[in-house]
Amino acid sequence: MTAAAEPFARIYGEPLVEIPTDLYIPPDALEILLDAFQGPLDLLLYLIRKQNLDILDIPMAPLTRQYLDYVESMRSKNLDLAAEYLVMAAMLIEIKSRMLLPRPAVVNEEEDPRAELVRRLLEYEQMKKAARQIDALPQIGRDVLAVSVLLERTAVERLPDVHPRDLADAWRTLLFRARMSKHHRVTRAELSVREHMSQILRQLKESRVLEFTELFDPVLGVSVLVVTFLALLELAREMLIDVTQAEGFAPIYVRISHVEPV
Amino acid sequence: MSSPSEVKRVIEAALLSSQEPLSLVDLKRLFEDDIGNDTLRKLLDELREEWSERAVELVSVASGWRFQTAASFRPFIERLNPEKPPRYSRAVMETLAIIAYRQPVTRGDVEDIRGVVVSTQIIQALESRGWIDVVGHRETPGQPALYATTRTFLDDLGLRTLQELPPLEEIARTLQLEPATSQPAANEPAAPAATPQ
Amino acid sequence: MSSPSEVKRVIEAALLSSQEPLSLVDLKRLFEDDIGNDTLRKLLDELREEWSERAVELVSVASGWRFQTAASFRPFIERLNPEKPPRYSRAVMETLAIIAYRQPVTRGDVEDIRGVVVSTQIIQALESRGWIDVVGHRETPGQPALYATTRTFLDDLGLRTLQELPPLEEIARTLQLEPATSQPAANEPAAPAATPQ
């Protein structure tokens, strides 16, 4: 098992027979260091890079030994984490044992037991570097700020637009809900009367009492006169106005129904 | 970082990228060197001047200075981010419809038709819009106010008289609430076009 | 609203006040008249030029154009916002890098490369930032979600396309077990190109 039995690695062509002493991490520092590692691959990469080895010529024996030491001390501290490291340890041991078997004269890349490990290490190292590069890009909100000037919208409140159709729709839903078609059939003529009812009430609100004739404006034509008259009758029927006449042929007065102040 | 124009550029960038207005104290914090209030105010005035011809302006508000879009830019932003016009709730629309078609009516009348209580807010919304007003009181206990639609209502809806509102007979007919005797054709719009007319 | 300088002022105000980068299509919507892409690009180039001496610059990112503070303003950001924005952990950044360069990938793919379980929190951190999302599922047992980076990711890093990501470093090309006898050519990629092909 001694490393000197055969050169276990070539670093840039030079056979490596001695394990550099700084390959080892002092056990005291282990706990802190493990937090810093992202996982078994990361630890392995660290060990290889710390030794300044060519990643393509991984010295399996010492690496495995040291790795197992770490796993051993780790097991007592963090079992979940240890599981992943144990898988890696198993892989390292498997590779190492296959390396001990007699090798064919010509080594094929694919047949090298270390090939898969090397591929993973290289890919992971590549991604680690990429992560650092992405992190170094100027990030909005961190390294650069987006400009956002206040959009001064008009202070005037926007009111809903209502189209006559919307009123009809509203009425339609009312009908649909209540099936009130019979009671709330409103014709154009009736609407016209209702409009004049409101108008008369408005006039009366201003002047309390009006002479009957003042409510009629002949200029507007006969149909309006008729509608106004119908409106007056309807208002009287609904007891919204009082129509009074002292005696025959005396002026007729129209006033809002007497409202007793409470 | 000492030349006035450099300081001005930093102030400008800080104001452009800040979400909130920046006070003189905030702006001073940007620099290691002490910059006097007078200098700052002068630079801010210069900045305001530089920006005066643009669609964005530098303004001074209660809590400090900020950039905002100028009034001239409003029509463009409307096109970029059209604000959805607000809508009245169904309750408001139904109340308005009842007042328009059945006026003059009390709040109780509206409640009878709608079958639910009409809140004061609904009436107020329509009153403050100037679309309804009180035209009298009914001679019943409590003397409830009688509401009617106003001239403003007609104007805003583009109507000359209430008669131009969609007549309710047609509405009832589209719901097929009435026996379809008077206008059979209207009730069969999808009838196979047997004869070209 | 027809003179180019007026159009430019409107574009400037729109870009300065927009929360998100604006595309050419967005910018066109500002105007009633039809403005050609070429005209717009020319005006944007002019604007970029006009702003080049300031601490704010006009940049082009994946979803359009945006004003942002220039690199020279970076020292002032911290003084403006004393609370530092959080930096992502190495685990998050490595996961992001793998998704960015190898997309679309499943969480399992990421785990294979990192050699360690990828926690749900890591994925959630990137998803809630809007930097990655699920673009499909792999047709394997369990149908794991396939993740890819989003346009927001590119925008936030000031990139227009994934091709603008830093190129992946070649860590090593081939596995060299023996002195390079078997594959001399592969080991000398930089051999002088003797013959133009």
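A, B and C are the chain letters, set down in written order, and residue numbers restart from 1 in every chain.
Note that in this section a contact is a pair of C-beta atoms (placed from the backbone, for glycine too) under 8 Å apart; a residue touches a chain by one contact, two chains touch by 3 or more.
Just so you know, these numbers come straight off a predicted model, no measurement behind them.
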| item | value |
| --- | --- |
| Label of the chain whose CA centroid is most distant from the centroid of chain C | B |
| Most central chain, judged by mean C-alpha position against the global CA mean | A |
| Intercentroid distance (Cα basis), chain C paired with chain A, Å | 20 |
| Gap in Å, rounded to a whole number, between the CA centres of chain B and chain A | 27 |
| Inter-chain centre distance, chain B versus chain C - centres from mean C-alpha coordinates, in Å | 40 |
| Multi-partner residues of chain C (each touching 2 or more other chains) | 13, 16-18, 56, 67-70, 73, 80 |
| Multi-chain contact residues (two or more partners), chain A | 145-151 |
| Chain C residues touching chain A - in the complex, by the definition given at the top | 13, 15-19, 56, 66-71, 73-74, 77, 80, 85, 87-88, 90-91, 93-94, 96-98, 100-101, 112-117, 155-159, 165-166, 168-172, 174-179, 182 |
| Of chain C, residues touching chain B in the complex | 9-10, 12-14, 16-18, 26, 29-32, 53-56, 67-70, 73, 76, 79-80 |
| Touching residues on chain A, where the partner in the complex is chain C | 13, 38-42, 54-57, 84, 88, 106-107, 109, 112, 114-115, 118, 120, 122-151 |
| Chain A - residues contacting chain B, complex | 145-154, 158-181, 184-188, 191-192, 194-195, 197-198, 201-202, 204-205, 238-240, 256-260, 262 |
